[in-house]
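Two complexes follow with chain A in common, the first pairing it with chain B and the second with chain C.
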Partner chain A sequence: MSGTAFLEAIIDGILTGGVYALMAAGLTLIFGVMDIINIAQGIMVILGAYLSLELSVHFGIGLLPGLLITVPLMFCLGVAIEFFFMRRLHDEDRTKMSILVTYAVAIVIEGILTATFGVNYQQLSASYVNSSVYVFGFYLPDIYLIGFGMAIALLVGLYYMLYRTKFGRAVRASLQNRTAADLIGIDVNRVRTISVGIGVGVTAIAGVFFGATNAFNPNSGYDLISRLLAIVILGGMGSIAGAMGAAVFILVINDVVAAWWSPTWAPIVYFVALVVVLSIRPQGLFGRAAVRTQ
Partner chain B sequence: MTLDKQTSAAGDAPASPAAAAAPGAGGDRTQAAAAGPQPALRSPLRLGARGLILLALVVFPLVITDPTTTAIAFFALVFMVAATSWNMFSGYSGYLALGHAVFFGSGGYALALLCQQLGVGGGWPSFALLPLCGIVAALIAVPVGLIALRTRRHTFVVVTIAIFFIFQLVAYNVGFTGGTSGVFLPAPPFSGASFNTPFYYVAFAILVLSVTTSWLVRRSRFGLQLLAIRDDEDRALGLGVKTRRVKLSAFILSAFFVGMIGGLYFDFIGQVFPNTAYDPLFDLAVALMAFFGGLGTLTGPLLGAAVLESLQQYLTLSFSSSALYLIAYGVLFLVVILIMPRGVVPEISDLLARRRLKAIGASRAADKQLSGVAEVLR
Partner chain C sequence: MRVLHRQKFSRALLASGTLAVVATFAWAGHSSSASAHAAAKAASASPITIGVSLSLSGDFSADGQAYQKGYELWATDQNKAGGLLGHPIKLDVISDASNPAQVVTNYEKLIGSNRDQLVFAPFSTLLTIPAARVAARFGYAMVGGSDGGPTVFSAGLKNVFDVSIPVKNNLVTFAQWIASMPKSKRPKTAAYVTVNDPFTQPQLPVAQAILKKAGVKTVLNKVFPAEATDYSAIAGQVAGAKPDVVILGSVDVPTVSAFVHVFIQQHYNPKAFIATSGPDQGQQFINAVGAGNENGIFVPNGWYPGFRKADSQKMVKQYVAKYGGTPSGVNADVAEAYSVGQVLTQAVEATHGFNQQKIIKYLKSGVTLNSVQGPVKFNNLGENLAQKTLTFQWQGGKLDQVIPTNSPGSVKPLYPKPGWK
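Now for the complex of A and B:
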């Protein structure tokens, strides 16, 4: 394998890693604030992609302007799911139950998508999906660059919101200790609802870039959620910076193995990497060691 | 399903997880769990109800010969075994494993490849190989368990999912599984209307075996150690439970039965493909069934599997669209979880215990301590 192809695979991995980092950031934010693993995150990205497809095919609204409609829609979906399901889970087995409940939500969404759109593969298209720019001897597809730029901007925005605003302080407070946050007058339920809304809302944006760079059908959610879980667990649950690092790490491994060996073996390599890392460091690469809670 | 059946389930209801917080509660919980099945045996009515259900299951394919119905009954039995075996590990230990399709599919591949290599015919000769399928699955469970059980809580869940995907991807890509074209099993010599009957009885035999094992585990010291791990693993370790060995044994035991029934399931289907053998929906289905009925109970997974699997088969057959059953399945589960967060069997047995207390004129003060009393009644 030539050095150029190797470098190209790394660059591809970093660029797609940005979009994955955005999806994973939503997942890890929901986990951090609520102790809930949202298995439906994968299918929600696909749902976002289908919404963009509908808007562009039937209403002639472009992919990027369409985000002004799809992001609020997905935000509302997240708020509704938090309000109707997540809030009702008991504290002691919240994580475990949340996996099953959100898995059930995921198969309901998958069923609705299959009933509406069928199982044929679709892909989003726009003028900037197939064009590319020539930089330092590499052809970089525009859509990868736009996706990466937007993902980084949003991640920085998310980071700023969490660490520099009053709302972010409230989020982090409810993340650290629910009771204490309650006592100093934070409306923990509101904070949680909005956080889940944001975590789900970003899937609309990720959906556009995923849908434009990959063919998808209602079944694609499984593949996506397995990657996202690998990323957030590797990065340490609840850590946004960890999710970014792990997303780039996994996608670079994926693309390098795909270019150097075979695309079919690429996922095996990173799942094996995940299993190996977790059996040595159960808290993930960037996570803190679990503190015994009781 | 009659109310008698539900009452008998009270004997299997799990101890409340809240009790884990009280250090002194250990002894009471042990007694409550050990005494569980005995009151049920004392009552001839409940014993009769159980015997009646067993008898109904035995004569079912003799009375109802419609192949569609017996096929649905067979699938329900398969999932009753799968959910019971899954519960033997996940329900008792509290470790949520979402990768049991690894053992289900490996059992199927084991049977298909064994038949192919040894030249074994379909039907009864292939059924004789089922214990081997279980052993193959159990052997696979050893390294999987050793790796996955190093982690806890949500990390464990994700590791089991990751291992599941590794198996699926390997099955797609290695030579001996036949890749996407799959492996075919020898056609059984059964014909016509009685085709399903042998499969039904073999599944029933495995069900009896797995339920008996699950019941014995629940009553044994081993089962109590698993429950202790579920309630507080660090404390169990501190009290001298060999947690790693106990968890791994339960994991392997559970894989054995899932592998065995996996072999039978694919024998019935006739072919094994990577996407049917290692199906993410299977991982979820067994967990949902156990949760639906009541996690950690004996009758819960049976009830959950019987209801959900029959419903799924019925919906698939009547609408011939997978989309509708996905929606129905998900919605039903969400509704049950919202109304009965602990599952059908524990919630109803609590309700009945409360009724019974009211009937014997319990005072309101006693009513407040009801959860404790209900514990003893179990």
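Now for the complex of A and C:
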């Protein structure tokens, strides 16, 4: 493999990693706050893509301005899911049961999307989906550059919210000790509901970038979930910065192995890398304990 | 005299025309009443149930649902014509979620538990092999339309048939067309990238051998996993190698669409670009790649909506009437499924019953059967060797038959491929 191809694979991995970090951000946030593994994350990305498609096709609203509508809509969906499904889970078996409950949620959302849109493939379009900028001999796709920028902005925003605001302190307090948080006057249920709302809301942003770079139908979410879980586990479950780091790490490994050796071996190599990293640091790149006490 | 002669001639023409019209109406009336009679007779008889496991969700859901429409269309038409040997047809469809393990359970249920009298194959080579093993255990014939991968025919199964063209040779006509170009015009380099799927992977080495012999140098040859969710690295590598021809082994729209978008982003436009599946999916392919970007992309197949065959054209009209859309939006899966129904109908009628062994024997007898995709004649392995592979190309928003260039209905291929929109 030439040096140019190697460099190209690294750049590609970093930029694509940004889009995956966007998709994983909601998943890690919800786990961090509620110990809930949201198996429905993949289908929520697809739901976000369909909402953007509808706004774009029927109302002529661009993909990025459309986020002003889709993010609040998805936030409301997250609030409803927390209220009707997640709140009912008992603390002692919440993580285990959440897999079943969110899988059921995924099936319901998939069914509604299939009934509404059918199974034909769609893809989001905008002027910046196919354009690119030429930098030092490489064409960098605008859509990935925007996605990477959004990922950084979003992750900084979430980090700021969690660690520099009163709400963030309430979130972390209710995580560390629910009873103590209750005693000092924090409305734990409200904190959790809003956190899940935010986690699902940001997935709308991921939906735009996934839908603009991939053709999708209501079944496309399943292919995503294994990779998103790998990212979240590697980054440290609950760690926002870890999601970004792990997404870039996994995608760079994937793309370099695909270019240098074989695309068939790429997923095998990154899963091996995942096992190796976790055997050395079981808490992931950014451990959860550290995340909660920051 | 000439005037009188002309008047007589006109009168005679009028009279014969009137007679023809009356006769046509009478025949049509008779035909329609015969058909109505047959349908009424069929409705009163006990139904015959045909079981099929289809991928209504999962990776093959778009194809699975198109297949369901094709089967339903066939069953409706056949019921209007009197059903199967006077029995109304009832389809017993269950979903396998594109899962090879689920397909086994489904056929156990369809044959062993539901006692369906006939079965159709599921979608894809991948799912047909485990399904056909179950059917073989019960002695059932398994006729399908998308199970033409070589692994199906080398699995030692005696009960499996594919009404479509064996996929191994899908790219042969395209490769031969490239090889037949004058040396000055002929592409010099080619890239071969394919998903590791039993339907598509075996097609590429055959094309590569032909092109290599014609002096077309291989600059990239890669296989990627079916579970891939991100194609930018491999598509970027193809763009970086800048081959004159790209041969992509794909099984769906998203794969081809991802390659198209990366090629555009990388300002790379091959002289010829063919994908084994995806561009045959009509309007949804255009939606994915963006209108205009489909122009010049090739796809091998045995059928397209403009196929000049009476029963095919009738089926397309009925499809549009029943499901809406336009003729160019009817994808090849529908025709494949419809053909499966047609072939099984002819076997049942010829053997005067539903005896599976008689049906298998008849299908292997060397008889030539009819389908909307063209003639069907099975060899001993169950491959249909009666049809020629055709190559189609998107031209001006329409999928046109282009290769073989001397085949009836072919239009001139666009070469080199026009630029991206």
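Methods note: the second predicted complex is superposed on the first by the 271 of 294 C-alpha atoms of A that agree within 3 Å, B and C clash if a C-alpha of one lies under 4 Å from a C-alpha of the other, contacts with A are read in each partner's own complex, and residues count from 1 in each chain.
Note that in this section a residue touches a chain if its C-beta (ideal position, glycine included) is under 8 Å from a C-beta of that chain, and two chains touch if they have at least 3 such contacts.
What you see is a predicted model, and the numbers here were worked out from it, not measured in a lab.
Visitor: In the superposed arrangement, does A:A104 touch chain B (first), chain C (second), both or neither?
Guide: Only chain B; A:A104 stays clear of chain C.
Visitor: Between chain B (first) and chain C (second), which does A:T114 come into contact with in this model arrangement: first, second, both, or neither?
Guide: In the superposition, A:T114 contacts both chain B and chain C.
Visitor: Could you look at A:T4 and tell me whether it touches chain B, chain C, both or neither (first, second, both, neither)?
Guide: After superposition on chain A, A:T4 lies in contact with chain C alone.
Visitor: Is A:S131 touching the first partner chain B, the second partner chain C, both, or neither of them?
Guide: After superposition on chain A, A:S131 lies in contact with chain C alone.
Visitor: Would you sort A:P267 into first (chain B), second (chain C), both or neither based on which partner it touches?
Guide: Both: A:P267 reaches chain B and chain C.
Visitor: If we overlay the two complexes on their shared chain A, which of chain B and chain C does A:Y222 touch? Say first, second, both or neither.
Guide: A:Y222: touches chain B and chain C.
Visitor: Where on chain A do the contacts from chain B and from chain C line up?
Guide: On chain A, the residues that contact chain B in one structure and chain C in the other are 110, 114, 222, 264, 267.
Visitor: Could you pull out which chain A residues touch chain C in their complex?
Guide: 4-5, 8-9, 12-13, 16, 20, 110, 114, 118-123, 125, 129-132, 139, 141, 143-144, 213-220, 222-224, 227, 251, 254-255, 258-259, 262-264, 266-267
Visitor: Provide the residue numbers of chain C that touch chain A in the complex, in ascending order.
Guide: Per the stated touch rule, the residues are 57-59, 61-62, 64-65, 196, 222-225, 227-230, 232-234, 236-237, 240, 252-254, 257-258, 261-262, 264-267, 281, 283-285, 287-290, 420.
Visitor: Give every residue of chain B touching chain A within the complex, in rising order.
Guide: Per the stated touch rule, the residues are 17-18, 21, 94, 96, 98, 147, 150-155, 157-159, 161-163, 165-166, 169-170, 172-173, 232, 234, 280-281, 284, 287-288, 291, 321-327, 329-331, 333-334, 337-338, 341.
Visitor: Can you list the chain A residues touching chain B in their complex?
Guide: 31, 37, 84-85, 88-90, 92-93, 95-97, 99-101, 103-108, 110-112, 114-115, 222, 226, 229-230, 233, 237, 264-265, 267-268, 271-272, 274-275, 278-279, 282-284, 290, 292, 294
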